[in-house]
Amino acid sequence: MTDSSVVSITAVSKSFGRGTAAIRVLEDVSVEIGRREFFTLLGPSGCGKTTLLRLIAGFETADQGRIAIEGQDVTQTPPYHRPVNTVFQSYALFPHLTVEQNVGFALEEQRLPADKIRTRVGEALEMVRMQSFARRRPAELSGGQQQRVALARALAPRPKVLLLDEPLSALDLKLRKEMQIELKLLQAEAGITFLFVTHDQEEALTLSDRVAVMQGGRILQIGAPHDIYEAPTHRFVADFIGDINLIEAEALPGNTLQLAGGATLSVPHDARGKVTLAIRPERARIAAAGAGHLQARVVHTAYLGTALLHKLALADGGTFLLRQSNLDASPLAMGSSVGVSLPAENLRVLVQ
Amino acid sequence: MTDRPALRRLGLLTPALATIAVLIGVPLALMFWISLLQKGDSGGVDWASAPSLGNYIRLVWEEDFDGTMIVNTSYLIILLRSVLQAAVTTGLCLLFGLPVALWMAGLSRGQREIMLLLITIPFWTNLLVRNYAWLIILREDGWLSQLVNSLSPVGPVQLLYNDLAVAIGLTYSFLPFMILPLYTVFEKFDWRLLEAAHDLGAPRRRALRRVVIPIAMPGIAAGSLLVFIPCLGAFVTPALLGGGKTLMLGNVIQMQFAASRNWPFGAALSVVLLALMLVVMVAMAIWRNRRVK
Amino acid sequence: MNIRRFPMTRGISLLVLTYLYVPVVVLVGYSFNANRTATVWSHVSLDWYGRILVNPSIQAAAKNSLVLALCAATAATAIALLAALATSQAFPRRRAVEAVLNMPLILPEIVVAVATLMLFVALGVQLGLGAMILAHTAFCIPFAYLPIRARLEGMNQSYGEAAQDLYANRFRSFRRVTLPLLWPGIMAGFTLAFVTSLDDFLTSFFLSGPGTTTLPVYIFSSIKAGITPEINAISTVMLVISVLLVSLSFILGRLRR
């Protein structure tokens, strides 16, 4: 996937404020981002993902650690000397300049000859299909069009890395889905590294080659969307991405786990004592009452079109979500008793 | 970034702060010092005189022929008149400004913008010119005087050169200062509170007194301060409309720098004016803090 | 019942508007009066405007006023622009700094004027145009500062970051992005400072030296000498200039954000 890393972040820490009022926003963060990779920083608001992006752009300076782009140390370099460009959350299109002047801004700063600027601006606008709007002002464009111009402006100087700070958050759902596909195609066409920041887990999974899940200023897990979804290593990661059922269990020797209800499962593990089992709602199976690993009562069934989502009350008081494809769904009466079986290959053992 | 934001900020602020310090701070400090000195033989300041509170004592007492100190009320009366005139003006501005602000808040958006413009335009025109306009109207041969005199049952009435003329002129000068803060409050007013008051049985007038005015209190306070303080130091209005008998503090200060040429005494009067202003502002700040708690 | 309408407020408001505008109308009206006595109407004439145009002392006073307002407003705007750039971002004691910047608005003008007079005399500064320019610059600072500050407040902070992200250094980013976006605010501030200086009477009254009278000071001494329609004519001209400039400032302030 990567021949060498384009961005390399080593042991970076950052605090805001001073003395006792200081807030640690990034704590010893290290990550390598590869060439032509679509890399996403995912996490709830306040997790430090935007700060990390701003450190790479140069708007903030790291307290500790080192940031390198293409092997060049840029930790102390001002933003205007860094070969990266940003698509801002608010777009930050200059309101006094036309679309083409906005897109040509960086090229003029780089002192390119006028004819070259014209061709590059034309190419960038063509990439986002905005050629016919070249003479308009940002205020005369819709949100989606502004978004495209912001992309063109950041791509025109051909940065080594494109930084995208929640660029789709201001768009409505339908437009957002369209832009997601377009972003993916654009990255393939431009052939440069995209570093994307979002709090939307679905967006992260759809777009990314790799995702870094962040919480409280740390990176918890880095991996392909499939790994993050199917094999979370932290309870937070499991919980943050999609629906998941967490079941407390006791690890016994000999690859055995004992559930609170007494049922035992045979799962390979090397844990001792209390553990948490994680299983996605679509990975558990309905069994006959009395069978399976858990006993439950049907509280509510939601019809989702392609699937049914059952909300079950467990015997010990917990709640269990179970998703059944519409094809093999058997109607469950509200209040009826069912069993739940947990296929061993679908269970993840989390150590808190 | 490598440059230090605090240093850059200091550089940007230095011209402004230095200008204000040198052209406002230093003169005020010098004025305090001069207020403690004596006047020179040919006017100005006797820089060698020993500092004393003599100029402040002169405000209240004067030396009689035989050397005893007797109370001289002439400056006290002027001081009192300044405060009263400022208070009356503030009252008049409130009396007329409150209904205007209330009415404006109930207008449509476009009408409100026009009213706002109509209220602010006089504020930006020359103060001297505005008071001169009243001089023309109130003069003996002016049409208002003639109208009033033809209707007056007690014979000719002098409209100019009295406290009323000064009050009219001051109210005219500072009314926008009252209307604007009140309007800002009423513009944000939640009219459902008024509906609630009616629903709870308060008729129009009672609802106004028990709900609208208490909520408008911060605006009333701000407006009163903005009217009262410039009124205290008014010079142009009493000079043009007040004549010789209705002097205010501003006129007496000016006299010390013109005919009387007693700068130290003028400085002392200015310090008193500043002190009065400070007292009012501090009182207002205390009242506001209490309200917040 | 319209909940927003209170009885009598409409009547009082119309009364107040009359009160605000009748003097202006009377003043302007009499400036077109042919009669020598300022308050007796005979017939319409532009005589008095003709006279003020050829009156050498009015010409000199007008020139002084314009030079003074131009110099003071330019200096105050430059100073205020720098200060506004510094205070647009939060820092400790920002409120205190802003209070100092706005101090000339609160202090009674007569006190500052006589204090400045005493300082200038003590330092041996020659009274006249130079002294007036210095004093006017100081009290014009808040008038220039407030519109610029308001404009900066409404400006997205990420514009500056975006410019730097697109390879413009601090200076280039100020010239290509901040300054053009701020320009209407700067012009609005300059205009307000200009009007404030042009209309000022008290400070000029104390600091004008022999031969450096400004228009308001000329008007004041003329009134003291006796009322003539000539004063109405100059006053009307000043009124019109103020209203035009302030309207211009408001339009600039509301220009595209």
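By letter and in written order, the chains are A, B and C; residue numbering begins at 1 in each of them.
One rule holds in what follows: a contact is a pair of C-beta atoms (placed from the backbone, for glycine too) under 8 Å apart; a residue touches a chain by one contact, two chains touch by 3 or more.
Everything numeric here is computed off the predicted structure, so don't read it as measured data.
Looking at chain A and chain B, the chains in contact with each of them are C. Note: the chain lying farthest from chain A is B, by mean C-alpha position. The innermost chain, defined by the distance from its C-alpha mean to the mean of all protein C-alpha atoms, is C.
The pair with more inter-chain C-beta contacts, choosing from A-C and B-C, is B-C. Annotation: 61 Å between the Cα-based centres of chain A and chain B. Mean C-alpha position of chain A lies 55 Å from that of chain C.
Each chain gets a centre from the mean of its Cα atoms; for chain B and chain C, those two points are 19 Å apart. Across the assembly, chain A contributes residues 58, 78 that each touch 2 or more other chains. The touching residues of chain A, when paired with chain C in their complex, are 57-59, 78-81, 84-86, 88, 90, 92-96, 105-106, 109-110, 139, 153-154, 157. Across the interface of their complex, chain C is touched by residues 5-6, 8-9, 12-13, 15-17, 19-20, 23-24, 26-28, 30-31, 34, 44-45, 96-97, 99-100, 102-106, 115, 117-122, 124-130, 132-137, 139, 141-143, 172, 175, 191, 194-195, 198, 204, 208, 229-230, 232-233, 235-236, 240, 250, 253-254, 257, 263, 266-267, 270, 273-274, 277 of chain B. Against chain B, the residues of chain C that register as touching in their complex are 2-10, 12-13, 15-17, 19-24, 26-27, 30, 37-40, 78-80, 82-83, 85-87, 89, 91, 97, 100-101, 103-104, 106-112, 114-119, 121-122, 134-135, 137-139, 141, 145, 195, 199, 201-202, 206, 216, 219-220, 223, 227, 231-232, 235, 238-239, 242-243, 246, 250.
For chain C in complex with chain A, the touching residues are 156, 158-159, 161-169, 172-173, 176-177, 180-181, 256-257.
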